[in-house]
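Chain nomenclature is as follows: A, B, C and D, assigned in order of appearance, with residue numbering initiated at 1 for each chain independently.
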Amino acid sequence: MMTDLSIPTAPRKRRYWGNVWDAVKSTAIGMGITFKYLWSKSVTVQYPDEKLPTDERYRGIHYLEEDLCICCDACAKACPIDCIEMEATRHGKELEWHKFTLDYQKCMFCELCVYPCPKDCIHMGKEYALVVEDRGQLVMDLLSWKGLTEDQKVRIAEAEAKKAAKAAAQAAAQAAAKGGGAKMDAGGGGGGGGGGDSAAGASDAAETEPTH
Amino acid sequence: MERAAPSPGLLQPGQREIELDVRTQDVEINMGPQHPSTHGVLRVLIRADGEIVTAAQSHLGYLHRCAEKIGENVDWLQYLPYTDRYDYLAAMNNNLGYSLAVEKLLGIEVPPRGQYLRTLIVELNRIASHLIAFGTYGLDIGAFTPFFYAFRERELLLDIFEKICGARLTYSFIRPGGVFNDAPPGWLQHVEDFCRQFEKKWPEYWDLLVENKIFIERTANVGIIPRDLAIAWGCTGPMLRGSGVDWDLRRDQPYLVYDRLEFKVITGVGYRGTVGDCFDRNYVRMLEMVESLKMVRQCLDQMPEGEVSHPDVGLIIRPAPGEAYVGIENPRGELGHYVVSDGSKIARRVRVRAPSFCNLSLVEHIMPGTMLADAVAIIGATDIVIGETDR
Amino acid sequence: MGALSQKFEDNVLTTKVDWLLNWARLSSIWPMTFGLACCAIEMMAVGGPRFDIDRFGAGAFRATPRQADLMIVAGTVNFKMGERVKRLYDQMPNPKYVIAMGACATGGGPYYKFGYTVMKGVDRIVPVDVYVAGCPPRPEALLEGLMLLQQKIRRQKVVRVPKVAEIPSTPSIA
Amino acid sequence: MPALQRDTGWGPMQAYFEAARAAHAALSQAGFPVELHQPNLPVFAAEGEAKELAAAHKEGKHLWRGDAYVQLADRGRIVGLCRFLRDQLAYQQIIDVTAVDHAAEDKELWGMYAFLSLTTKLRLSVKTMIPKDDCRIDSIVPVYPGANWHERETAEFYGITYTGHPDPRHMLLPDDWVGNPLRKDYKFPEEYHGISCV
């Protein structure tokens, strides 16, 4: 239902006592409105005891899905103030992370770093309260681990072993080609070596995407 | 302080002693940059003879943040977050002004749903901005309570903004080519709930502050800006309309979907004083909230389905060479963006024509002759945002 | 505290006196109305009904630095304003605290790269106690900052002699 | 230029083009040395416009889009032009006074003026060239008082001297600031009053 929002016409000019009456009356009306809220429910949120739920799209402190990230620098380039810095060493398809820092002395939470990410791995989180006593702590490392994980080491070892096997097979094929000429064997051996790698899902695109 | 103050008791030869009731002398008062009743870090140097202001001079630049230089150094899209920060009370409108200027160079039209969503959210932001203007204006002239009422409703609006774009103040939501995200499910219902709630609250503000006799005495017939003066000094927005000029870019040079919406342009009518006084400027803002609410409702009714952004505009924008000026109706007046492109991904020039800047330039000229206490009322009624005057 | 400050050794009595004084200080921090930019709006929101900074005893926003204990630097400080910030800080009575609210006050923020007039951190002119990240920080984050400041005040030694390791290193003031 | 079939969403384009044409005609009739510049790209981008633009750029053709504007050849007559616009063509409001520096090696700055008419609801932008080695132009404050602060601001950002300006103080920068920040050859300062800028 629409409340009537039309404006009443201005009353005629009043003299001294009229003014006094106006002042008292309008103040009383205002007091009445305020008084009405005495019994209504308070809107105050008792932070930190109760916290408002942050929304789905809230742009808070970033978080990084490190296992997906390919260190492509797209977010750093999209940042208007260059507050993202990343550094990693490549071991074939695996990345050895050294740092991925976000400088909250500069960051303005504009979300422009999130859009260009090819792997959709950097997000704005729901955390917002970042208070420190030392300014240097605001340069935050988003990495949850540094260096190589055990899984990665295993995968690197596997990949290297495969590479070695492939190289050996190729060498053998070449030797065979020199000797008799069975090229078909060598091609088949190489294909089988590539297809058997099941752990390459995340790092597959690393070869096609632009690198650091 | 050219005039030396006469020192009591020391008579020059041949001088006759005159007893004065009140001995006044010129004093220079620095209002600001840190002052409770200037909106931000404005410094107004006031020379007063007793209680009467004889001259005023504004000093700006205490919040100069080089927005225009930054515009020449970052990408077209990367500049968008900076537009939030010059008029931080109406960041959506700033995003819109910049986006429209870039779209003019891109030569693209945003899909209807995008247009409606923009209109809707811009009007909601106008309400939020006018709420602050209303609350802090009360605060300026001594009424503390309206501030709490204004902030209570504003928090509801900020919840709405937070749901759609994830930020409370610096939204970066409207972008060149459309908007970043479509409304989440249930969001439009949320807006409708707000409309219903706000409609009940608005008459309270009217009774609480605008009809209050003390408020009327402080603002009516104070700081009168005649119609011609307002036009000549390039005032826009509520400042111009408060002086009785019937001018609103939303109606007269319609952008977005304003030509499909029905609304009234509010002008000052001298409701409690003379046309163009501080009361009228506040009056225009108060009633504009209602008009904005009407527009929001119409947008909700007419909201079409479909895409919200133009598909061709990506993250790297390369507009055609050329220059474009787009002025939109901000809560404070005409916000103009003048952009010059050379066809590359970085702008040649981003010029911001800030409404507060132009409105404020007149203030120092209407202040002389008023009482010192009225200076606060005049600055408050101008509703400036220093982030915008200084950029 | 003047003549009595930091004169006494650790003992039961001085510890309790310290506790009492610190408790009094941290429960009635009076901030200064010192809004500079966007963050000031969030600072006002903290004073508003939903977040209500009065619950922490810090709701009495004073307009003059002479009555204030806490300066919340809410917004971008540029060189023109920096001079005034310093002057305002100097006018505040001891003990005084500074919260740098938001990215701009902390380290230049978004204006770090091309903002030729923007000071890259307010700690270049006044010593800062607590930094609050965000652009602008949510009101809750500012409340968090206030609570951190209260913790910091709780650790203060008022009448006791501080150990060398506990003396905070004040940044050089230009 | 084809008439618009749909609404643009950013304001009445066609009306502004016509305003520029009409203003140009009236001004040249009154004896002002003006020329009209109109965009030569359509208002709405066509498919594959980027390629067309690139090709045109290679050939040295200047294709551009945006607002039409009137260029004044003799910058000494800017005050007269403003008075003519205000009195004869009913452009009551000055909206903006600014300048553009295109490149550090350019010899000239653009001086830009934007006008608005409240009665005819039209806009007009006027441009004039200001050489960098003789960076002065007459102030239009006597005609449009609203240009006062705009000119002060442009003066400090670009180093343009507005002769006859009633209040030529610094506007936004400190009084002892060195350099004109919006010039393209501006060097960012290293320190200010002993406070490092980096």
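Here are a few things to note about the model shown:
One rule holds in what follows: contacts are C-beta pairs under 8 Å (C-beta built on N, C-alpha and C of every residue); 3 or more make two chains touch, one makes a residue touch a chain.
On a predicted model such as this, the values are computed, not experimentally measured, just so you know.
C-beta contact counts were set side by side for B-C and C-D; B-C has more. Inter-chain spacing, taken between the CA centroids of chain A and chain D, is 41 Å. Spacing of chain A relative to chain C, judged by their CA centroids, is 31 angstrom. Distance from the chain C centre to the chain D centre is 45 Å, each centre being the mean of its Cα atoms. Residues of chain C found to touch two or more other chains are 49-50, 80, 110, 113-114, 116-117, 135, 138.
Residue positions of chain B touching 2 or more other chains: 61, 64, 66, 69, 74, 81-82, 152, 155, 170. Counting partners per residue, chain A has 43, 80, 108-109 as the residues that reach two or more other chains.
Screening every pair of chains for touch gives A-B, A-C, B-C, B-D, C-D. Of all residues in chain C, those touching chain A in their complex are 49-52, 55, 103, 106-110, 112-113, 121, 123, 128-135, 137-138, 140-141, 143-145, 147-148, 152.
On the side of chain D, the complex with chain B involves touching residues 6-13, 39, 41-45, 49-50, 53, 57, 62-67, 69, 92-96, 98, 100-102, 112, 114, 116, 118, 121, 123, 125, 144-150, 157, 170-174, 181-182, 184, 186.
Chain B meets chain C in the complex at residues 33-36, 40-41, 61-66, 69-70, 73-74, 81-82, 84-85, 88-89, 132, 136, 147-148, 151-152, 154-155, 168-170, 386-387. Residue ranges of chain B in contact with chain A, taken from their complex: 74-75, 77-82, 145, 152, 155, 162-167, 170, 172, 180-181, 184, 199-200, 202-204, 207-209, 211-214, 271-272, 287, 290, 315. The touching residues of chain B, counted against chain D in their complex, run 60-61, 64, 66, 68-69, 72, 100-101, 103-110, 115, 231-235, 245, 247, 252-257, 259, 312, 318-327, 334, 336, 338, 340, 342-343, 348-349, 351, 353, 357-358, 360-362, 390-391.
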